[in-house]
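The structures come next, written out as structure tokens.
First chain A sits with chain B, and in the next complex the same chain sits with chain C.
Moving on to the complex of A and B:
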């Protein structure tokens, strides 16, 4: 293992953690504008995380070590997953960290413990959240695998590092089907980050609660960790989408200047995408829970047909 | 030396079995002695088979009964790999049984249980090591019978009786197919040799179909699976652990052995195996989701995992025929590694489930809850098993499924587009299966161990004895080690697959975990207090507030209602003729057991009718019987005349 890789690990994870709350705030700001409000300041999510870090924890009498352990596990697994998605430069050697399946299943591991912690306190809200989260994540899984399978097929590799590297060399124009997978990746981003029309991150209402219901029993620094890991997940999925569809600015080697430019480019691209997500959320209405599988089926057939066209071509 | 170790292990098992059966009296000492013998035997076999796995093949000829008819063993790398599985799991199950057998209704039964367990283990090793079809069938049948006896430990229970009938009929059917296969091979070869060189394509396919049916029934492939959920939940938990963890793998061994060494595969076999695997995997996990009997739930997950293993085998056949040898090795590697992994985490889960069932006195998970505080060790071990079976990193289940995913993803080098479309469809099914498995284990772990106890019995549950913790704990460690060091283990064995190094991922995980924990420790106040669970201001939550297992699975139940078809039953009666005043009514919703109602019972009914017809012929006076004999003798003489 080279120092290059260690450097990559720390820079990538630190930068991802640093920008994640910004994107969350941006989406909130855009939605507020769409609703005719001023909205919170752009740095609000950072203030909020800081505030939560300084507060006390409240645990239910019924809970076990699961709910205490989950925030750390959730964030740690998400941080490991962040190594799979190069945001500023792609390291030369890949010891398998860029593997797509590893990336996806690290995120599933984080969700698995989130869902368990939802059941830990014995409230029906938590149970409802866990149940819905696991249900929706189960039926979106075939879509995700088919989309990444399509990427693996088009780019002839299963490593995200190689994929990004190839797309950066010759842009997606040489591979128009990448645009189609880009649309599927956007749907995956919406679903995985619990946004409208699948879930509503704004409310704590039983009818819409999925992700938020699982986090109800969290407080103080634990809640901050959970929110940070959720924000990080969003950044990573955005990173995948951006690096496939808009790979401009990604540095080729770990030089300070290149990293700074690449980071700036990523923040700008990410901000634009976040604004897009905000507009998308404002335009959509929440689906009824049992209408959501229909949306997934649509995304599934869409990505599947992309693959089939590619096969027959 | 190695042969001595292995034969010594075998004879120790034989001695254990005889001890248990001959000295069967009501003392604990007997079954404890038997189990210690089994532990010693398993250790010998484990060391011996490990040496063969990393060394050279070994041939042992045990007993030449008549010329051409001998019990002989051939242990190569494949066979020794499965001996490793059998002996490792047997070792842990035997340790677990040292505690578990205390809960068997009487010491006599515990003696017989331990003795037959030794026979069962011996017969499975015999099957795997067999060098010819004769000894294969010999040990296969002993395996079937000994597992049947083990399963019938609680023979007075009507549930066990029903499970026993299903198991007995199907397992004998499996032996029949195996014998037919051996007959076909004997006609072809003129010997009981395990080879089929020079046979025509038709004979090859015939042998394959017979072998697939024989091994498929034992492995529990849907639709031949019906015995499995019944048998696994009716058996004592240590037996379920052995049956599910090991016996299913013996069937997988048979299939792999025939495909690798005996037959020359054809494309439709590979596609068939792949499709049966996909169906078994998906339906297995979907049936598991609606299950509330903890052990039946685990049994359905066995079907799911057998399906995943079969997918790997199917891919191996397909890639092999296209000449993609590296990819074929990856697929086969995933199937075999998953066999080992499934053996480990499934026996672990069955053993801990057995502990839970003993502590609560019920197999229904809706009666459990809150056990994580009462049974901390058992719950952590179960959690490791649940995470492994859900294929989550960095545990072993993830590595084998990763290999399978990789072999699917890398199929882009295939030329034929119809096969590629098929592979992509199966890939989607695999993804769905593995995500549903995670959902199912969140349900299982959450309902059994988290929140508040849902019954008096669960509230007064106690942690089980030490040996019942140590047995599965060894396997829990194995789950983590095999997950973290898979790449290293493969390279020691001489395989280099292009896989992520999980030990690095584990290291990074620890670094990040410590970093996050340290930051929180340093920069946030350590104040915490306890309060009631928030329930919209209600201050005295009860278990009735909790999400039930049925509630948890309900959304998935809704989405897959095509598969969970239900039958609604309504009955109303009224006080008056106009049906205006309601008197009483009864309503029920049953889930239709598709395979029972549409396949098994009609077939059973048909055989019932045929046997009733035959019994009418039989139920006559002496004169008619003499007439039957006369006609038979006449026919035999005529037939003999005609033949010679």
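Moving on to the complex of A and C:
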């Protein structure tokens, strides 16, 4: 393994972890402004994670090792997945890290353990959340595979490294069907991060919550790890979307100056996208559960049209 | 093929966006959003005509762009919004035969079908891929508009289906054979009349029976007197 790859892994994961809470805070801030409130400070998620890490853990006496293991596993899966999505520079060689199938499976593994931990305490809330999460997963996972499949077909590669490299080298205009994939990826971002109109991350109402119901049993550092892994998942999906639709600023060499500029570019693009997500959430009302598959179908439609467009153009 | 490469790419982007708006017309339930989507779709069609004008320089294309802009981006959505203000309807939640999800699946099959048919029929006539793409998207749009007409129950949504079909026809006309300008004007006048006529029908059909019944009562009384 070359030093280039080691350096890439270290920098990419560290930067992804560093900026993830910022994007969460930004979305909350935009939503607060939309509701006529001042909202939390931009660094509030960092303070919250710091506070949670200092607190003690509390477990129900009915839980097994699953609930203790899941926060570490969830974050570990996301950290490994972060190696698949270059945020600042694309390493020269790809030893298989950027494979989209690997990336998707790592995300699914994290979700699988989260659902297990929701069931572990035996509470009706956790079970309900896991059940809903799995129901939606059964519909969204094929759509995600189709979307990434369409992307692989258009760019003729299954490696995210090569995809980002190609989009960066060629003019965005040369592949206009990527706009459609961008819309599909945005829908996936909304669904996977449990945002309105699919789920409401800020409520603990029995009728509406999906993701939050699975995390109700967690406290202290475990909750911090879960929240961090959720934020990291959001950053990775934002990274995929941004590097496909707006790959500007991505460095080609691991030089200090280039990495600094690329990081700054990613923070700016990510912040703009976070503001966009906040505005989108503020404009939408939560869908009824049975209307949610319609949103997935829209992503499916756009990815299929991407393939047809590639045929035609 | 357009001589100017950036214009060629811009046309492709516009066509992609037109397809996005067509799918949203099928998918949306809020009538206000539906009218906005139609206005956006018409704006994109006007931009396509404008790109052709920049490339070819034919004044007819400029007039088509301006006519589409004023008629379909501003006038018709404004009329539709005024009708909506007077009606007590905000969303179209009733469907017949196809729900939005199944409509999208059928649309995929439609686009693929149109592509197959056009490949066999027009592959040799139209060797330029961009014009072939425009023709396929134009006809697909018209068929998607037709799907809106038969799958929705509210008259206002049906009107948007008609209008979306007409946008598809214009797109097809722009890419395959330039329509004479007089036809464009006639089509637009037809559209305005269609919107007004359907409005009259819609007032009867979409208002409640209790509201509608008193309108007929004086007519019945008049016949009785005779």
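We take it that the second predicted complex is superposed on the first by the 310 of 313 C-alpha atoms of A that agree within 3 Å, B and C clash if a C-alpha of one lies under 4 Å from a C-alpha of the other, contacts with A are read in each partner's own complex, and residues count from 1 in each chain.
Just so it is clear, a residue touches a chain if its C-beta (ideal position, glycine included) is under 8 Å from a C-beta of that chain, and two chains touch if they have at least 3 such contacts.
Everything numeric here is computed off the predicted structure, so don't read it as measured data.
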With the two complexes superposed on chain A, say which partner A:297 touches: chain B (first), chain C (second), both, or neither. second
Between chain B and chain C, pick out the one touching the greater number of residues of chain A. B
Considering only the touch criterion stated at the top, classify A:59 as touching first (chain B), second (chain C), both, or neither. first
In the overlay, answer first, second, both or neither for which of chain B and chain C A:146 touches. first
State whether A:308 touches chain B only (first), chain C only (second), both chains, or neither. both
Which partner chains sit in contact with A:41 here, chain B, chain C, both or neither? Use first/second/both/neither. neither
Where chain B and chain C land on the same part of chain A: residues 293, 300, 304, 308, 311-312
Of all residues in chain A, those that touch chain B in their complex: 1, 9, 13, 53-66, 72-73, 75-77, 79-80, 83, 95-97, 99-102, 105-106, 108-109, 112, 115-116, 119-128, 130-132, 134-135, 137-139, 141-142, 144-146, 148-149, 152-153, 156, 158, 216-217, 220-221, 225, 289-290, 293, 300, 304, 307-308, 311-312
Note: in the complex, chain B contacts chain A through residues 369-370, 372-373, 387, 390-393, 398, 401-402, 405-406, 408-410, 412, 417, 420-421, 424, 427-432, 434-436, 438-439, 441-443, 445-447, 449-452, 498-501, 504-505, 508-509, 512-513, 516-517, 520, 523-525, 527-535, 541, 543, 545-547, 551-556, 558-559
Residues of chain A that touch chain C when the two form their complex: 171, 173-174, 176-177, 179-180, 183, 293-294, 297-298, 300-302, 304-305, 308-309, 311-313
Residues of chain C that touch chain A when the two form their complex: 6, 9-10, 12-13, 15-17, 19-20, 23, 27, 100-101, 104-105, 107-108, 111-112, 115, 129-130, 132-133, 136
